[in-house]
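Chain naming follows the written order as A, B, C and D, and within any one chain the residues start at number 1.
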Amino acid sequence: MKQAEIRSDIAWATPEKVVIHGLDLCEDIVGKIDFGQMAFLQLFARLPDERELRMFNAMMVILVEHGITPSSLATRMTYAGAPEAVQAAVAAGLLGLGSVFVGSLDNAARLLQESMPDPHNADIDALARTIVEDYRARREILPGLGHPFHKPVDPRAPALFKVAQETGYDGPYIRLMTAIGRQAERKLDRALPVNVTGAMAAVASEMGIQWRICRGLAVAARAVGLVGHILEEMRQPLATALYLRTEHEASAHLVPHEERDGR
Amino acid sequence: MKQAEIRSDIAWATPEKVVIHGLDLCEDIVGKIDFGQMAFLQLFARLPDERELRMFNAMMVILVEHGITPSSLATRMTYAGAPEAVQAAVAAGLLGLGSVFVGSLDNAARLLQESMPDPHNADIDALARTIVEDYRARREILPGLGHPFHKPVDPRAPALFKVAQETGYDGPYIRLMTAIGRQAERKLDRALPVNVTGAMAAVASEMGIQWRICRGLAVAARAVGLVGHILEEMRQPLATALYLRTEHEASAHLVPHEERDGR
Amino acid sequence: MKQAEIRSDIAWATPEKVVIHGLDLCEDIVGKIDFGQMAFLQLFARLPDERELRMFNAMMVILVEHGITPSSLATRMTYAGAPEAVQAAVAAGLLGLGSVFVGSLDNAARLLQESMPDPHNADIDALARTIVEDYRARREILPGLGHPFHKPVDPRAPALFKVAQETGYDGPYIRLMTAIGRQAERKLDRALPVNVTGAMAAVASEMGIQWRICRGLAVAARAVGLVGHILEEMRQPLATALYLRTEHEASAHLVPHEERDGR
Amino acid sequence: MKQAEIRSDIAWATPEKVVIHGLDLCEDIVGKIDFGQMAFLQLFARLPDERELRMFNAMMVILVEHGITPSSLATRMTYAGAPEAVQAAVAAGLLGLGSVFVGSLDNAARLLQESMPDPHNADIDALARTIVEDYRARREILPGLGHPFHKPVDPRAPALFKVAQETGYDGPYIRLMTAIGRQAERKLDRALPVNVTGAMAAVASEMGIQWRICRGLAVAARAVGLVGHILEEMRQPLATALYLRTEHEASAHLVPHEERDGR
């Protein structure tokens, strides 16, 4: 069998040094660049300038922590069973970052990136009208708009767009995302402003981040947040109480009357 | 059944705002603090000062990327099967961050923290001697010393200790870790300098990070690194070639001669 | 906030007994029913008759073991890093059972179930023609047909269909799947017989298993197989050798000539 | 670099056939052996005889389903976020099968296997006394005894031991486990009968299953059970209601009075 090439350009090491994307870990990275710069380096294979870094940091911090969510509960339930395997507890919390919670991020970024191959020569308003009409015709939900709890406006979207404006990232993708929201409100006659994943998708597109990897940013940010939940679960656990209570309630209707004493 | 209290102090939200560790996400966090500060906030429930942040960033960046490892290969193998579930690929790579690769971090931090309950009144050298003798007597391996590839010296340990010196974190835990290395070299008569996990453990102890959560820091940092591997796997895949080649080699001895043609 | 109902019908327990889908675990299950019957019970909430059980077992055993695959390599890589967390090694191997390897199972089952709402009054051949033409028009790949390695015929499909015939499960879904393969071969002018996932999808449809849960069967079966890989990795490891070799090869082009000695 | 051997003895394939542990998948496995036999084949590299199979099945079915547990809740929470990735939901539920819930299985099996290298020439009662005294002296908890809910007796232990008796597996390991329970009750003056993991550990030891892989059996069995929970969550979801309720309760104390209206 002919051997296909196996090659990675990210890092190499000798006993004396480690080199990551061309930077010497011990000379150029540790003590010199921060966690946000390092995350940028992993994605872009180069260090950011100041405005790139500020925009990137804004995207990363917005996704770290969402309080008690299905994701943080999965982490806490796993920690309750395997406190010796903190990595498994973090992993369990990441696994639910799928179509329901962060899928709209990928979908919105894909919509923006695929519908505007040449962002500098696009008729944004016409494009937005077509997109909204197409989604309506197919009866599909437009990604990145509206929020079940944060309404009428998801406050995280304007917060992110404000940073985009201050750093010069308020370009065609953000305009398109906003125009889609406006068109959708008009057509569907209800408030549908851009939400946090729509805003993230637009900003990521402005930064040149491909839609396929957008979910990865959300996952890395949330990994940081889940460590905070594990730390709290160590000090002030809730998982065991919650599962016992849930078990009791969920199966109560199954237990025959004469058997209920021992429970 | 009496209901046990279920309570989390990390975050709360109303439709108009999200508050995390007392900071308003949209007012105080997005555009104001960076990814390293946010990670610190999750761990300490407060923002760091400048020297805390520099030390913390140094710890986080050192763990992000290690090139092709069992961890990044697990991520790439998972991505090859489920490219639509980036969260699963990251999670798979985190799951092997256990006793073999990052366990020495927890173990070294635990050793340092439990053997020195009052770090300001400790006879470091005597303590190091006792610890090394105890481990020798129990024929256990001292955590945080030596490295199979980075020898004689793991260059990441002095790099981290240099930042500790510059930021004023060169305290008793770092002195104890170093003294353990010196004692071990003397007793075992071979080079056993502090390695990257030993250095991390000492610095984390200086920062007041409990040993139980140290692995969590490594996991969060690595999540960032694994996103870089997924991005490369998207553009320049190696997983499929590697598995096909491995399958062929691993089962070659099982295939009867007359059946080898089709493979 | 009004409390939504939280309810599960699967099991209940008192200190003296555990009842699962109405059967007493200690009286009716342990020593009385086997692992295949138990898996059936979990899915159908009742025990199978003999022919149901034989068909179900045939589906489950066919998916247990596939040799060295991306899935078993992810498990072995994870075990190499976290041998104390066998659950994490199994989980890592399951995570890649996504769109590439088992997705065609769900997709084929969905295609069969959605295109034939009334299986007893369907014109199978006409339906197959329409389906193949629709997929060709949309330039989509028909799920459940052809195999890159097992060609011209995936031997597992006729093996499964043979059991279906012997147990009386050779109904309209199997006929439709087979007809789709025949039509596709005619239209695309190349051998495209039903493969193992296509056969599984057809049999699962015959048994009344909804397409959404089909992947779950594959996942449960593979969990059993991955335990076998962990056992072999314990006795005869390959993960560390494979990762070291891969690291060396993948980064060789990055290492400057003068640094190559130490590697 | 010299290439270390990479070799697996489990399976091989040609385009025309797949061979697993020496058996032809299509000729000897599908339609011929059942799911329990297949699981046994993966572990022992041979098929079981009738009494081996009955004992093995009893062990596997006992672990499949435990109702609402931290494990099934982690699965359901993950499914709520990523319904398209059923493999991730199963994996999330497996990840918590660690030291708290199934660790006592490995620990009890290890204790039994390491303390009785020659089971045919052991003074069981003397051994049990020594073991209990050693654990008491070290203030460690004896694995495999007692249960917080199933008391005074975990009914699953006698159920498993009954099958062991009927199949001729009631040997020295079961006697030792039982003797440890009796000794512990005497010394600690409270009811501490063998529980389900202690019984499993003893039976697995009788079957020649090494303690290191015992957790793997539990994990594989539970994977089957978790598919049942996903199926129920599809039809009758509880995850979203549970998380919303928990979020509300857990953060209520943080929300200022004047902000409580919108929640």
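As a working rule, a residue touches a chain if its C-beta (ideal position, glycine included) is under 8 Å from a C-beta of that chain, and two chains touch if they have at least 3 such contacts.
The model shown is predicted, which means the values in this text are computed figures rather than measured ones.
Number of steps on the shortest path from subunit B to subunit D, with steps defined by chain touch: 1. Two chain pairs are in question, A-D and A-C; the one with more C-beta pairs in contact is A-D.
The pairing of subunit B with subunit C is characterised as same-residue: of all residue numbers used at this interface, over half are used by both copies. For subunit A, the chain with the farthest CA centroid is D. The mean-CA centres of subunit C and subunit D are about 22 angstrom from one another, to the nearest whole unit. Annotation: 34 Å between the Cα-based centres of subunit A and subunit D. Per-chain Cα centroids separate subunit A from subunit C by 29 Å.
In subunit C, 6-9, 11-13, 15-17, 67-68, 82-85, 87-88, 91-92, 95-98, 238, 242, 246, 250-251, 263 are the positions where the chain touches two or more neighbouring chains simultaneously.
Of all the residues in subunit A, the ones that touch subunit B in their complex are 1, 3-13, 15-18, 20, 25-27, 29-31, 33-39, 42-43, 53-54, 56-58, 60-62, 64-68, 83, 85-88, 90-92, 94-98, 102, 149-151, 155-156, 158-160, 162-163, 166, 210, 212-213, 215-217, 219-221, 223-232, 234, 236, 238, 241-242, 244-245, 248, 263. Residue ranges on subunit B touching subunit D, taken from their complex, read 6-9, 11-17, 19, 82, 84-85, 87-88, 91, 95, 246, 249-251, 253-255, 259, 262-263. By the touch rule above, subunit B contacts subunit C in their complex via residues 67-71, 73-74, 77-85, 88-89, 91-92, 95-101, 238-240, 242-243, 246-247, 250-251.
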